[in-house]
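As written, the chains take the letters A, B and C, and residue 1 is the first residue of each chain.
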């Protein structure tokens, strides 16, 4: 059995989690703290990836970032390959998991007493500074829980990754795709072993992090 | 020096106020929902007025005409929030030093230590807010606001979270801090005693508008209207008809009696005979006429007779509700007058047993209110 | 504790770093229909030994793979389970028309779980009441599913059996239903049916349109010659016996 899918899955999920945090935290903050026209629409759109069948989502994503899609052509012009590379797997995992982080973080931010932020404002701090010194320290458990869930969801993504990154062994075949392939090829011993690895890592991860933050999932 | 004129429309509520103050303590007094806190938030830049102008010590904070709106963080205000809004994840010292982030580390530590010392919090520097008593939390909030050396101090119900005995003690303490600080302070309160003890000037809010703004010394003796009198909790507010008005005396007809009251020296016009006016007499200024003494007509002006229909034990005083003998509907529901007598008097005169009394009101005690 | 954990995560990330960095693509990437899964593993191994070039197999539903190739998947050659998807890619200019070639004709079999109570020799027997669930590949997009539908229709049992049908995503998926005993019978490709858990009997090829499996070299391929060589290998003396062993009918044999 090849260890590549395990390593790739971890790297992809880590990168996806970083990307998810970078995009998801500002989005969650805006949703929690600002009212604007279309607020509800954005809020619903964030959750859409959880509702849509992953392969459908993956197909439309492929249409956009593929060699014939608008984003794909733009990136191609810049010499960047996205579709069917590990970067596409990162994007897929991010899209599949960002709702979990945004929802958790948004709830966390909303639970922070707004007067604390107002107090910080009257004490001369900028919004950016307030986020790091007041909002995040008071909501980190929720953000952390959301991050862990997003990481786990990224680790387990199948449908979106299959469509936009393919299941290319040694290149984009992540752990879930490899397991599926083994099952398809009737290599049940390998499939079982890899599944065991996936389950154990996920369990260790959740237990370790849960202990760390005294969280329950 | 503080000048403020703001108008802000919210769903179902409009704030439209203008007032000014010098380097003194101004109390914004009124029922909850009157717009006091919203005014503070406009002052602090946490809410944006629709129209108006806010000027503090010569700096324009807000002016819709020029589009000026200085952000909160640049207004240099000390804001003590209702319930204090201390940062629960920071120690007392870090709370107090939170506004000093632009200073060097040494400077911040020095000023924080100074402030803790001044407020008697030195031993609590490493505690978290939740480990403090209500009074200590209040001092930390005050310290956090004053540490930045603000242009203006804003206090939103600073004592309302505390129990009554502690509140009285801290009111005195707070007064000491405010006097020492000596700059302009705006205090929001719905507690009249608090407003009177802490403020130099009182602005009375009602339904998003100002009904009177005056130095506190003027306020109780000369409420601007019946509405103000009611907001100030004045009892025995009554309505009578003018019989005669001269610059010295106003004669009123009320419940079949003719009452004589001294006219206010600052009244600029005389009410016409036949008009209805409001007047009040403080319950403690209504006198019971003792039956064991000879009647002295000169002393007992505005004499009336009636019976005690209800009484309330107030601890050191008794409140008697008296209905006059005349037929017709009593002026205040089931009674005409509230009378307050010290407990000693209540016992001496055996009021519990003897219910029929003649009363009198000195003409100087009857305050005729300006027409609304 | 926190530090230890963070350290762990980053060590892990660092360990993975090289894995992705070195994963350029020196190998020949072959996209193939799911019914080729078993046969192509053998052929690819043989090809690697013969030529020294590594082969990466990406096997799945023909329709899905075709979509990915259309949108720029890094395939060098595409072995479809029928002709229409290759026709479609050809119309879109995604494959090289000159390389288009028939490489096999598929056959379908009627399969039952080995430990099942039923031994079913003929399609008509599927009507028996104890056959409660029947698996086929989705006739909407899987060529073998379409052939299964045609065969059932020709045998005159389609309408009666329709409520009992279970659709697999592709032919391997349908086979899994049978292998696990989740269904009582099913129709799958001959090429994948040789597994220990399954017993199968051939279905008369006259009952369905021929399953002509077409391959073509992908236009974006950086090594079209190698891709063509692989195609010829499959159709040549080394590949043919293997394909035959898994029940494919080969060009020239029919």
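By definition in this document, a contact is a pair of C-beta atoms (placed from the backbone, for glycine too) under 8 Å apart; a residue touches a chain by one contact, two chains touch by 3 or more.
The model shown is predicted, which means the values in this text are computed figures rather than measured ones.
Undergrad: Return the chains shared as contacts by subunit B and subunit C, ordered by label.
TA: For subunit B paired with subunit C, the chains in contact with each are A, in label order.
Undergrad: Need the most distant chain from subunit A, centre defined as the mean of C-alpha atoms.
TA: Result for the farthest chain: B.
Undergrad: Which pair wins on C-beta contacts, A-B or A-C?
TA: A-C
Undergrad: Using CA atom averages as chain centres, what separation in Å is found between subunit B and subunit C?
TA: Computed from C-alpha means, the inter-chain centre distance equals 85 Å.
Undergrad: With centres defined as the mean C-alpha position, give me the subunit A-subunit B separation in Å.
TA: Centre-to-centre distance between subunit A and subunit B: 56 Å.
Undergrad: Provide the C-alpha centroid distance between subunit A and subunit C, rounded to the nearest whole angstrom.
TA: 31
Undergrad: Along subunit A, where are the residues that touch subunit B in the complex?
TA: 113, 115-116, 118-126, 129, 133-134, 137-138
Undergrad: Give the list of subunit A residues in touch with subunit C in this complex.
TA: Per the stated touch rule, the residues are 4, 7-8, 10-11, 14, 55, 59, 62-63, 66-69, 72, 83-84, 86, 162-163, 166-171, 181, 183-186, 208-209, 211-212.
Undergrad: If you look only at subunit B, which of its residues touch subunit A in the complex?
TA: 41, 44-46, 71-79, 81, 83, 85, 87-89, 98-99, 101-102, 144-145, 148
Undergrad: Taking the complex as given, what residues does subunit C use to touch subunit A?
TA: 1-2, 5, 9, 12-13, 15-17, 19-20, 23, 25, 27, 29, 34, 37-38, 41, 56-60, 64, 67-68, 70-74, 172-173, 176, 179, 195, 220
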